[in-house]
Amino acid sequence: MNIFEKVTSYEKIRPLFFDGMTLLFGGFGGVGTPPGLVDCLIESGAKNVHLIGNDAGFPWIGMGKFICLERATSLVASHIGSNPTAGDLMNLGKLKVEFSPQGILVERIRAGGVGLNGFLTEIGKGTKLEYDKQLVKVGDKEFLLESPITGDVGIVYARKADTFGNLIFDKTARNTNPYVAMATKVTIVEAEEIVPMGELNPEEIIVPGIYVKHIVPSKGYNWKWIWEMKDKSLRSERPAK
Amino acid sequence: MGDERQVIAQRAAREVKDGMIVNLGIGIPSLVPDYLDASIHVFFQAENGILGMGPTPTTNLDGNLSNAAGDPVSLLPGGSYFDSALAFGMIRRGFIDISILGALQVSANGNLANWIVPGKRVPGVGGAMELAYGAKNLIALMTHCEKDGSPKIVKECTLPITTYHCVKKIITEMAVFTITDDALQLDELMPGYSITDVKNSTGADFIVSSTLTEK
Amino acid sequence: MNIFEKVTSYEKIRPLFFDGMTLLFGGFGGVGTPPGLVDCLIESGAKNVHLIGNDAGFPWIGMGKFICLERATSLVASHIGSNPTAGDLMNLGKLKVEFSPQGILVERIRAGGVGLNGFLTEIGKGTKLEYDKQLVKVGDKEFLLESPITGDVGIVYARKADTFGNLIFDKTARNTNPYVAMATKVTIVEAEEIVPMGELNPEEIIVPGIYVKHIVPSKGYNWKWIWEMKDKSLRSERPAK
Amino acid sequence: MGDERQVIAQRAAREVKDGMIVNLGIGIPSLVPDYLDASIHVFFQAENGILGMGPTPTTNLDGNLSNAAGDPVSLLPGGSYFDSALAFGMIRRGFIDISILGALQVSANGNLANWIVPGKRVPGVGGAMELAYGAKNLIALMTHCEKDGSPKIVKECTLPITTYHCVKKIITEMAVFTITDDALQLDELMPGYSITDVKNSTGADFIVSSTLTEK
């Protein structure tokens, strides 16, 4: 493999998704979740997937589309409120949901991405979100130990990528994407624009290409539909299986 | 109901002072900017990774430029984009001067419940725990009672807690309370309500500020 | 104080340095340590200072200049090899040095800066650099607990600042500066160029202005002397007190 | 002595393969790029926060563009600048294909000592612990013996350890060793040295590779 030439096609990406994998996805309320790669994941047929990402998206947007197909076994997320189907599946016992405070979740993904073995926080202490997390006493204070998160596969949305995988992002579509890129064994990037090496300002690069395995060109994003749907009920309608 | 929400948002806007870094939750808090005086220059921050949000754009909506609720926003000069880890770094480290959150229940000692109604509503916690932990000042906005009339200001929250001892002020359509280490204190009555009205609709004991006068 | 106008003078900065303070400084081998603010620190007369930064610089460059004046009580750093005076002071018992692995040190400063309460790592386990750090057992593995670092005052070097304190950096002069900016109560920035708000590309801003308290214009940097000194022995000559 | 260092660096250069991400320590490792074949395209990374370093510039030196030792470098197309925390994130997480470090002592089981000679030399550990922990392949370069003739390849390090069980290969002016879970193995002799020479200058037992032939 030429590490300086990582651009490939959705056809070549499809077999990289596998049954039982842990899949990390970038995005926040669907914004910045790579729509072409979610479609590719759906086409791959992969099932029993363990999902980790900020939220369950909307039924038609972000990871929501895949969750509604009932091929995810578990989800670690900070909220699922924008995707009622995710809540239904959870209540039916078909989707195991672990809630994590939003900032703690992205920090756990970062910890995985930068090779740390966990961190301490007071956030969530004494609440239901403590789950069975280990407590660590330091002096006379007790903290929750949050474990690092890594994944088999990660999907990331970027504004621009060069062929080495150096990435820059677009406004608030950056969100959790840089850390998903760092924390997964096989990081796949969907980029709005792909340029030769040397065309990105080295000062502006947010994710160095070292973290990226594959790059596909984006077919465009779909999340502005969220507010273009004047009838807000449409936002949470479930797609047909 | 729509009116109540506006009344609450309008009163909450008075808590926002010039030069503050402000984080607004979804629901009633998102209405607060409509009531800010033009002389007030603040920077709104959001958890997804933006500081210095400006007014909702009316044209040229950009799908990649939104607040934490996914609604379109703009960016003021001096604003910046960053990742969500940094956004929460600011929040945990105390750089948010004021966080205005919606609430489901608040207890007399400042416990906040706003993330789940077990068996009914499963929104998830989002960034509320971090905001409640880190913000210098946390204000909870809510209608005073449930639709069935049961109080949301209570001795002990019956809903799962978001964060303990974090709410500094409660604003409802009936009243404004502050919560100190010692007590829940009624500071203001909203137009049309008496102390007795508030007592009848509140599920916890409170003291009345010495400066409060019924009109 | 107008949070959107933080530009001030060295004269106004000088009294912010105080005896016994914990001072964090950006920079790596002197590159990116703000030279004007080090001079200002020296002029301030502050003593018994607790220093935390990547290294002890060179005797004439970076924090080395201040260390040679024997007004620092302690130093947390990853190495002091480029400043023989620091080693001498350590051996004489005049400077308490705690060594920290380089990447762990910057991560501790980040932890302080983002409000985490410590993190776990295997790095340094079983070595002299374990010091008396707490061990935390997770499953059947044991990790070192590294504590977060914060400071009273932080000095930072930036390529450009706007008047709110949004910062961008220059090449490898970035190094530890962003995290020093986040981890200190009073963050003071020396900027090569100061521009009005709105002039920096919001996508390129590395440190949002929220973290910055004061900005002074730089009088120029001095670290390229490191390699301009053809006689390498000059690099480690001690300045007169 | 100068020659020995060049011999070691030249041999070490053969460990660097096309497409690798490479981190070089100070001292002898910094000489390795001089011996890389022009057909080899690699990205050099440094702990201060740079990936894709190019050759030392001869004009227009930029004080803000240096490697971890503070020496001037350039940047290749596709290279990037970032902060030191991210630089070490790459290192800990195993994205450095090969780390070539100078050493003071290496033990037969791969323990590395390279940060302090108590009472004499106090350089400090720098980034060596992280590199030794995270790099996929760690190669230690050193002259075979101290100036007084005492061996640097030893049963147990007498100097303080940087990292345990991390060195995969040792290159000296006399020989090349690999360290496996089982043993220290002599793989190659450098020109002019025999197995007996190496035995006499090495402070630990070793096995001899079956493919090694004395010339």
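We call the chains A, B, C and D, going by the order they appear; numbering starts again at 1 in every chain.
To be clear about the criterion, a contact is a pair of C-beta atoms (placed from the backbone, for glycine too) under 8 Å apart; a residue touches a chain by one contact, two chains touch by 3 or more.
The shown structure was predicted, so the numbers you read here are calculated from the model rather than taken from an experiment.
Q: State which chains count as neighbours of subunit C and simultaneously of subunit D.
A: Common neighbours, subunit C/subunit D: A.
Q: Sort the other chains by how far their Cα centres are from that of subunit B and give me the top one.
A: Result for the farthest chain: D.
Q: So, what's the distance in Å between the C-alpha centres of subunit C and subunit B?
A: 37
Q: Where the centres are mean C-alpha positions, what is the separation of subunit A from subunit B, in Å?
A: About 28 Å, centre to centre.
Q: Hey, how far is the Cα centre of subunit B from the one of subunit D, in Å?
A: Taking the mean C-alpha position of each chain, the two centres sit 56 Å apart.
Q: Mark out which residues of subunit C touch at least two other chains, giving numbers and ranges.
A: In subunit C, the residues touching two or more other chains are 107, 114, 116, 121-122, 169-171, 202-203.
Q: Considering subunit D alone, which of its residues make contact with at least two other chains?
A: 75, 81-82, 85, 88-89, 91-92
Q: How is the touch graph of the chains shaped: line, ring, star, complete or other?
A: other
Q: What's the complete list of touching chain pairs for this entry?
A: Between chains, contact exists in these pairs: A-B, A-C, A-D, B-C, C-D.
Q: Would you tell me which residues of subunit B are touching subunit A in their complex?
A: Subunit B residues touching subunit A: 46-50, 61-72, 75, 81-85, 87-89, 91-92, 115-116, 119, 121-130, 133, 160-164.
Q: Taking the touch rule as given, give the residues of subunit A at its contact with subunit C in the complex, in rising order.
A: Counting only subunit A, the residues touching subunit C are 107, 111, 114, 116-122, 134, 136, 138, 143, 145, 147, 168-171, 201-204.
Q: Report the residues of subunit D in contact with subunit A in the complex, numbered from low to high.
A: 19, 21, 41, 43, 45, 51-52, 75, 77-82, 85-86, 88-95, 134
Q: Which part of subunit C faces subunit D closely enough to touch in the complex?
A: Residues 28-32, 54-55, 77-82, 87, 90-91, 99, 101-104, 106-107, 110, 121-124, 126-129, 159, 169-179, 206, 221, 223-224, 226-228.
Q: Report the residues of subunit C in contact with subunit B in the complex, numbered from low to high.
A: It comes out as residues 1-4, 113-116, 162-164, 166, 182, 196-198, 200, 202-203, 205, 208-211.
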